[in-house]
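Structure first, then comments.
Labels A, B, C, D, E and F are assigned to the chains in the order they are written; within every chain, residues are numbered from 1.
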């Protein structure tokens, strides 16, 4: 029985539940999905400042589940605090956009990324992951998440148009970024000329793969566990993990 | 019941069996490993020319199994003909070094690669995969596969020394490249300061993940299936797949 | 009369005072240095996890001074939460390693960076700033900050040896990274063959320059101010700045 | 008397003859052009899979001419098996797109590449050659080779329009890629605002230059000749060259 | 009292005076601006050849002021002979486009550059500065400097349209390149959605910052001063500086 | 009858003659080598400042031969003013290090560069040519040109040792940079494990190839000829070429 923590990085419980449901759909039999929402932070992350604040909230959340799960999926398309979470936790940690992009590398020579709204932070994120040369382009559909909810058919049409623009620009596959597009990959699969990658589904499969590989925690390097680090004003669990 | 073809790209049956055994160790319950060896080509690939010849042999081999397996693992550390195999086959295709490097990206900020002998073709391969910025360094242990077989303890010591050099140079994890190092990752796991990635094991887990994601074959882009392509002198199955 | 906030990102007041003193030495007449220490977080940042936690602490600290200073210098060598702080605050924000690297670009074709201990996070930081091609190399002196304090002459000798290694590797100037090296640039200036860049001094001069240029806050793009963002559990000032 | 093998990589004899004629036009007095067509393989290469198969066919073809020519021009715009051929053969080997791009570097700050149809494999090829930063853009004219043959004036107009788009995008010269554009460079020279590079012509001149430089075959490195390599099922000549 | 040489690289005295006036506007109280125009060379630099010639003229000009100023601003948007001037002179030397781009890095995640006419040499310049990954795009307004002078309102409208295109493409700030746009940044500040960077203003502030930092001249590396170099046909001052 | 101008960029006539002799050795029958030395400038270029000054001297020199030669070889290892010369002249212009590096790309996967003394400006030059990813490493032999002349056997031994270091680092071929190594490639050919590339020889062959290709002068783009450019204080021929 494998338990995967699906950790939201913002405080909107509905998004946590949405992601947990998607994770359950993707999980293998015998994988239990454990949803979790931070105690504090932004309602929805849509800026650099919110993403930093949410990083702390997320690490506090993870610390509270350390030792109780075999893997963590970060249910936030910005891969918030990913490397820090990887260092902190004794188990594998996977980011949803990271997982979608790495998976895309196995089904595409170059992939595109589509999201609602601005694309610049996704461009930076893919650069941070070192995958810029595999990225054919980014497409920001000019529609807010709220508008997408109000007009699902219009949203699907707009997303499909964006997918076609990305294919025209050389994409062999398209990563759908952002919680607002959850479930869209499955709904549009038949109408898209190339595979669509859903972050949560990819992250769950990668988390399962990492658990199966049973890799040891590093004892050296930039992701080695913490020990003897002092702090103040943090949750007891987080402070304890820094202390080692 | 999932069937994964473990396709060697050279004609040495013993290497096929070695890889198949490693694949069975890594496979999930319910995954059947189907080993396969090409009809013609180099005994062992260790040069650019042999790698090209083996590419054709591998595609012919794959064509003979098309429709009979749910995924393909290329059991050759050069990821021979990987993108071509991906285009040709109706199912997911994963390269063993590709899989190890992508997996390394989820457990390391930067990873190293260690092999016996020359490292330049691995440097190129990682560049072709677009992962150069995630590569901390390469280490070529000065020992032939034959010497490694004759002196396993010496080989392990030499590999461990190389791993420590790579960690010193910034590696958070190390990919072991080449059939001669098969099984080494597991044997050295306790003595290595960072996780060691085994190509076959990573590739099997990635193949299982891709099958579970059930992504459609692209209908557009550089990996869309072939159709109407004429050829001569090829195996009937391979010619038929080009013809579509 | 210009007021520059010198904001530490960890909770060790002594480091704040050290940086504030260095900032006062570098400041122009008429520049007032306002030191500040976060309410919570790690005592000293030396890991990815601490850096993320400190990011939130830093933003909270900045929010408490918003509108009361003309510029912010981040007194932390990891340039913690730099872009987020830039987006959040109505005034210029400068990171100390960022400032040292950008200044180095004006006195060097390629520059090196020297620090005590591990170099990998500095390599990533310079990559994040887009300056990798201007970096000739990194040198991590094998000495802890505590050892450097106990043996200042030994530390200076070790740092000078590292500087010579970097010059040998093509550095025209060397950035000294980390609070433990504060003041070292001035002390070693006569003995170093190339200019040494001190983060706090560079950041103060860059902050003064930005204030003098009087650039407007962007109304568009990835650094445009926040507005209408909901949150919970944050300090009143930080929540208010997200709300806009 | 210099003999240059003009080796097609696909089995369409008419393309071999077309390329041989172009090669003769470009060759210096005293250079003999020896055309050659593979024994097996795709009729025309237009996919990744065909390119891999053709690589083997090409190496077999070259092995059959080893020692009888002073240089080899690969008459295939994908530079099929180029590095392998370079390693295999005792004489210089030049790819036609490689030659056109390297030549373009001497008459352009940045060059464009124009072809009929998809551009992605050319983007990869130029990346493999390490010349991406010299590439201003790619233009894929929406016309099949068959359509171009049926409507030469229309094809010329479409190509000229593409050339102007590339110049607008910063190209100082344009490489014409693909056999379907053979001869087009000369016909459009007067109407193009920038030089047009023909692959066969450039490759012949580079082959002549390399022969004149009389560089020795490397005895070390990744292109050193093969020796002692076992294989099965290959042509006698190719097997002999692997055996060394 | 700080004296900054504002050195034009072409021989049009009116441009020197324009730049000197802009420099005086930007300078701190107590900074004296010393304008200078070369003895020979192109009237206005608008090509690669003119830029090379102007490099010599500029170095001759600087040599004539060596020891009489505390810093040099190169009042030429091509940063003509920047690294050479840096090596030659005993004081800091700042290029105006260099300064604007480095300053842009502190107020933007990615910045755009806008100029009148062709953009390719600016693309190369930013590449030479190692800042390509911070550049979101270039925009060449289709208007000559003469047309801009004749129709200032039209020019402003055209520049604003270009700024909006760059912001659409991901720019958080825009560098205005070229003498013809001097003063435009200030005039358009209120109407631009992102900060506009003026080269002369940025360069003056950076020069003042470098003087305040009081960095020593390197004694090693690629910018160490010249000594014992013979020459002929140069101005007495320039020859003397090469002689050391 | 083809005439190639072999243009030195410094004023040491002996170097001009040395290069002209090497050029004659490499030239095809029927190629006349026309040596030329600038009227003014540094005796020997070994710094950034000298290189800039020499750029003007070189362009003046070329202007004096415009229309009288079919191609130009720049006989200076820094490829001084290469792009400007290319724009200025009506015929092909080739740099000697450029030619050696491009030629190396056809006989090596990655090449090294060896010179006497500092390597940083060569690293920059190869970056400017866009070939950094093809460069395996640089080796600066610690010997002055004067010492090399006094002890030719010692110089050969030192160069061979450097070549072996570069091969160890992944070089398939080595470019010898700098006039002091002229003729060394031929002398060491038998003792080097990989091909050695001589700049003058490669440049002459590339110049002949470009003349044979008979490419038109561009009418658009960044290398289009000059017209209507005013200047003062230049040689009559150079001023006339700017005027067009």
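To be clear about the criterion, contacts are C-beta pairs under 8 Å (C-beta built on N, C-alpha and C of every residue); 3 or more make two chains touch, one makes a residue touch a chain.
Keep in mind that this is a model prediction, so the values were computed, not measured.
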{"item": "Pair exhibiting more inter-chain C-beta contacts, D-F or D-E", "value": "D-F"}
{"item": "Contact-pair overlap exceeding half with E-F, pair selected from B-D, A-D or C-F", "value": "B-D"}
{"item": "Mean-CA-position distance for chain F and chain A (Å)", "value": "52"}
{"item": "Rounded Å distance, chain B centre to chain C centre (Cα mean)", "value": "43"}
{"item": "Touching two or more other chains - residue numbers and ranges from chain A", "value": "83, 86, 109-110, 120, 133, 170, 221-223"}
{"item": "Residues of chain E that touch chain F when the two form their complex", "value": "11, 39-44, 46-53, 55-57, 59, 81, 83-88, 118, 120-121, 128, 221-223, 226, 229-234, 238, 241-242"}
{"item": "Residues of chain F defined as touching chain B within the complex", "value": "109-110, 133, 170"}
{"item": "Complex interface listing, chain E residues touching chain D", "value": "119-120, 123-124, 127"}
{"item": "Contact set on chain D toward chain F in their complex", "value": "26, 28, 83, 86, 92, 94, 98-99, 102-103, 105-110, 129-134, 167, 170-173, 189-190, 192-197, 201-202, 205-206, 208-210, 212-213, 215-216, 218-223"}
